[in-house]
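In the two complexes below, chain A is the common chain; its partner is chain B in one and chain C in the other.
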Partner chain A sequence: MIIAKRDYMKKKIHITKHDLLPKHVKISEKEKKAILKKYQVTLKEMPKIMKADAALQGMKAEVGDMIKITRKSPTAGEAVYYRVVTDA
Partner chain B sequence: MSEKIFAEYKDRLPNKILEDLKNHLPPKISAANLKEIFRLVDGEYQQAQVDPGESVGLVGAESIGEPGTQMTLNTFHFAGVAEMNVTTGLPRIIEILDGRKIPNTPMMEIYLKAPFSMGKDIKQIAQRIKETKLMEVISEFVINIAESTMEVRLNSEKMKALQLTVGQVIKVIDKNTKNCSVKKDKEEILLKMRGKHDTLNEIYKLKEKIKILYIRGIKGIQQVLPVKKENEFVIITAGTNLNEVFQLDFVDTARTISNNIHEIEEVLGVEAARQAIINEVYKVIENQGLNVDVRHIMLVADLMSKTGTVRGITRYGIVSGKSSVLARASFETPIKHVIEASLVGETDQLTSVVENVMLNQPVPVGTGLPGLVTRVKK
Partner chain C sequence: MEKPEDKPEDAKEQEETKPEDAPETAPETASDTPPEETEEKPERIDEEPHIFKKVKEIRFGVLSPKLIKKMASAKIVTPELYDKEGYPVDGGLMDVRLGVIDPGLKCKTCGQKLKECPGHFGYIELARPIIHVKFVSIVFNLLRCTCRECGHILIPKNRLRSQLNILDAVQNESGLESRRDKIKELITNLKTINKCPYCNAKQLKITLEKPTTFIENDKRISPIEVRTRLERIPDEDLDVFGINPEVVRPEWMVLTVMPIPPVTMRPSITLESGERSEDDLTHKLGDIVRINQRLFENINAGAPEIIIEDLWDLLQYHITTFFDNNIAQLPPARHRSGQPLKTLTERIKSKEGRIRHNLAGKRTNFSARTVISPDPMLKLNEVGVPLIIAMKLTVPERINEWNSDYLKTFVQSGPTAYPGANYIIRPDGKKKKITDETKEQLLEEMQPGYTVERHLMDGDIALFNRQPSLHRMSMMCHRVKVLPFRTLRLNPAVCHPYNADFDGDEMNLHIPQNEEARAEAEILMEVQTQLISPRYGLSVMGCVQDAISGNYILTKSLEMTRHEAVALLSSIGIENFSKLPRKDSVHGREIFSVLLPDDFSFIGQSRDKEDNAVIIRKGKLIKGVMDKNNLGEESGLLLRNLHKKYGADMTIDILSKMFRLGVKVLLKHGFTVQLSDSDLPDKSKTKINDILRKAEQQVNELIKEYREGKLDAFPGRSARETLELKILELLNKARNETGNVVISDSSQDTPTMIMAQSGARGNLLNLAQMAACVGQQAMRGKRIEKGYKNRTLSCFKQHDLSPSARGFISNGFKSGLSPAEFFFMGITGRDSLMDTALRTPKSGYLYRRLANALQDLKVEYDQTVRDASGGIVQYSYGEDGIDVSRSENGMINVKRVIDLVEGEGR
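For the complex of A and B:
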């Protein structure tokens, strides 16, 4: 059982649950607009996340989408952060 | 009634404070009192927040930098029970913040799933994870000069421990060698060179070659060490390969970590890498008995992961992303930056701090940040 075959090792694994990994959610256009207005920023000024990022796999995120990240924070309990999907 | 007041402050106060409040309030409290409590808490909270224009980066730099002077400069030390050398102290912090691709001492902590975490088959599991080269199962080489053949004697005990058969070893050798025939001879392997020219030299080369052939385990893991941590067994490894370790069915993928930030970014994404930076830096600072607020480290980690990939605080990393020529030049290799900027005719908008310090102008920090605009009467 323990010493298994090596064939499957080459593929890349997609981990969805990990202690280090906060929750990623794609938010709607309407919410996106509200966020930009709330913080008075443009999409270009927001923190970025790569389209190919491991955490976005299986989410169908396109360039320009906004991702809401709910982090566990030692200071605030829960902290919300936003990133914009980019490909470069 | 109290729910209504809670709801009112939901957006103003962080969840943690609201929960703390909920847990500490006396069971019977009048609405007026509760309102007053909330007013005071809210006031305290708003007061505690950083003001716009506060130079948080500078404060952070000093808050990490000063305790940094007290850290050990030793690259290596023995980390407790684990009989392995680990980079700690200042060299480790520099390594993380520089965003190096491969850390000085790559390590993993592999957590295991239920029956195995209690110590079931722990030896086999450790053996399964460690990268095994052919050399380790060979007991001796016998080279016949006259016939230019080589016998490989295998260590049957080790073979058994690894659940290897002679046939499998032959397959590996056959796959990775050219112009030589590989045959099984009882429990030995017989290698014979094809072709005539300089076969003796070739056979010595072949010997060195098959010694380092990969046969079992996960590539890149040079050492394994099962350690009992609190109530469970954890395997600490020297060398990392998160992607392959995550594919083993006995590994607890939710807790297993590597100390290679770039590897975490690749397997789990930037957000996980950001968290890993915070954890790793904080671990070092804590180990040294120093006291630095996490917020400073969080700021650094946020900045490093801002562009979607982890970039170090070096002239190739986040400093290269600054828009101002003078700010870039003030960090490292000033002449290079000035020459390159003059070649393409770059302009400097003087929007940031460093360049304004250079030009003896008020810096956009604190009260220097807001600008005043007046409407002139026509």
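For the complex of A and C:
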């Protein structure tokens, strides 16, 4: 039992590789413009994500960037969601 | 809270300007926000430019004397109200500058007429300062906590900082009031300081003689002295008390001028005798102004101090009771009739006050509320309205040249005969009551353009509602059906969406008063439009109780002559019997099939464990029984498929026929729950006793093992816990076995059994508890262990772990419980009762918060879900864009769609 615990402590967990975390991808400026146009919105009307969010680790996302999130769904197969990076 | 940018140094200067400037500066500061970044820079998403004006802060302050004068449009100097001609006196309490309450007069301040002028404040100059009752406790605290000489707070400068931190912590925890209490406590704790740490002045003990007198060393502090002391308190020290000196200076809590409320909030009424009766507030203000004038005159005439003091006290009394006439230490001011005056506080407070009566408790016209009761002979979308109510509620109908004669018949009947009319409305909006005296004249006068308010009649549109209105099905549109007696009636099939039963529930009825409202109610809210729930896509209405039992009996085994079948069907309103086979004896399934459309096919399941197929082919029930799975609310696809194929109107028609058929079958067949339903053959009784005895033996063995220390503990459990788990498992198994004996051995065709099997009411567990054994009573997943020391009840030995000593009930309800068993049952019963009583309001509040947070989300034309300000919440509704009410279990059945399309091609 004790050995197992020590192993667990040593292991570093990479959330971004976890099975339950949906795929987060930073999209290009061009794609971002297209999304804004498609939904007729400005960044203010978009859902947000904190810059410090664990899902954005190692992505070099800056405030104003757009993140594409691809989730698995039992009814829709894959569901796409967009969020804008914010810091407050 | 943000401090305004343009903060003048001199707070005294600012006190007057600030409150009025605040609303003007607020929008300015909003537009002063840094200009939008240029295109290239990353856009900030935190500002919300689509919100034009945002409430930044709300401040509560005290009116300063300067402000009172500034906002007043008249100075009141005389208690007189009207002159000889009945015109308001200038400078009197009904001065026309304070607004108008007489038709025909114009307001001298704003120039508007009655109902347009909002009314304006006036003021009176008080001859001597008066303590405001509502601020006495704050003033008292301030006096005791500050120096009587220099006004500084009685905390040494070097300790002020640390004390402030403590106070801030207290305030964060439990608010301003406790901050003031805490500072009082701090000061009383520092009793050694009876000397001011700033000027070394000796401090005296101050007490409050309620309601408004301050005493210092047996000597009274006059309001003048109180005011000067409060004036001396420096602004910095006020922060300690949680007072913002920008909007509240403590000396303002002692009045030198008093605002006079506008006449529009104290209108006089003209009695039938032509006499004027003034409002209570006006009476009180009259007293105040009169005594104030007398006080002025006496002071100017140099009257003796005693007289002046007396008048001053009287003025204090009148002003105190003007604010609050319910002060414990004061006799309330009364009318000549002896009834107490209703002054400011009484207007606001209590159940009859402005808040609870007028703001929170608004009532609407053209509505009714009574007890509800069931009537399966009504259609689903009807509501039975008592005649008495139908003659009170009215529908306005505009007269035109085609309906003039029709509407005249209502007026002719008048308000006392049904169907009649109560009022006639002239084109100018004047409402005329129809009475025997006015009837003839009104009939003459009636012409196109007039409106008649006629009684409620069959087929009128009404909204029907039951609280708590948690979802949209809690308020639906029904058609009126005027009925005798005194209850509102509804079809039992619509109980479920309203969550209504008939143990005394009351419901509300509203009658829409114009075409627009009626159309909206009919199209958006009528019962049939709400049939399929948007939550799970199944019908929220269905057969219940007797209707299920009846259809179950009918489709399972009933056979009758064709003659009887026709009688049965015609009693539920069916006239076309061509679907009924032309043979002498017809089966129940064939009778049920008459209700189904000819081209309806369906394959489903019934509740029966084996042989549960239900097959309907071409409108004929070929196989299977109708039970809760197919007819019930929130279950099965039968009603859903009917709705999909034939639409809402036809579905509710079929449903109400099914319902009535079930009820009528029971009526014809007879159906009674009886004691003998739970009778068991003798051999079953011995079987049950054997099972229970064996279980008890096993438990006793386990306990013995445990006592001897031989019981192996489960991993992570103590031996005791293991014992409990094993005992629970054993007893549960035993109870289930007795249940199975009951189910297999009791006769299968008793009404109790039929109800359980069809799903109409009760389940097999209930039956087993009646016939055999109630089972273990558990609290929080454990056997009952509390009560007396080391035992549950005093009739057991200490440390007795046997089943019967720890809440196992081996008797059934029919054989009756032993006293100890009865007691155990009482324990768990009370526990679950408390649990529900405590949980219901909590979950209700949680639900309300959720519903309020989500209420204005909607699906836009581009399929996105957005909130009220256009912000995106979901890019596609539910991430899959499926309308649940048009899906099967949240999914689209592609195969069925293809079949449907292909079937049409073939």
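Please note the rule applied: the second predicted complex is superposed on the first by the 75 of 88 C-alpha atoms of A that agree within 3 Å, B and C clash if a C-alpha of one lies under 4 Å from a C-alpha of the other, contacts with A are read in each partner's own complex, and residues count from 1 in each chain.
Rule of thumb we're sticking to: a contact is a pair of C-beta atoms (placed from the backbone, for glycine too) under 8 Å apart; a residue touches a chain by one contact, two chains touch by 3 or more.
Nothing here was measured: the structure is a model prediction, and the numbers come from that model.
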Checklist entry - Does the superposition put A:Met50 against chain B (first), chain C (second), both, or neither? => result first
Next on the checklist: After superposing on the shared chain, does chain C or chain B touch more chain A residues?
Outcome noted: B
Item to check | Contacts of A:Thr86 with chain B and chain C, given as first, second, both or neither | outcome: both
Checklist entry - So, does A:Ala76 touch the first partner chain B, the second partner chain C, both, or neither? => result both
Next on the checklist: Touch test for A:Leu21: chain B only (first), chain C only (second), both, or neither?
Outcome noted: first
Checklist entry - Looking at the overlay, what does A:Tyr39 touch: chain B (first), chain C (second), both, or neither? => result second
Next on the checklist: Under the stated touch criterion, which partner chain does A:Ile13 make contact with: chain B (first), chain C (second), both, or neither?
Outcome noted: first
Checklist entry - Which residues form the common part of the chain A surface touched by chain B and by chain C? => result 47-48, 71, 73, 75-76, 79, 86
Checklist entry - In the complex of these two chains, what residues of chain B are touching chain A? => result 14-17, 19, 121, 124-125, 128, 162-163, 216, 218, 243-244, 246-250, 253-255, 257, 264-272, 275-276, 279, 294-295, 298, 302, 305-309
Item to check | Residue ranges of chain A in contact with chain C within the complex | outcome: 39-48, 62-65, 71, 73, 75-76, 79-82, 84, 86, 88
Item to check | chain A residues touching chain B - in the complex, by the definition given at the top | outcome: 2-4, 8-9, 11-13, 15, 17-22, 24, 47-50, 53-56, 69, 71, 73-79, 83, 86
Checklist entry - chain A touches which residues of chain C in the complex? => result 42-50, 862, 864, 866, 869-876, 878-882, 890-891
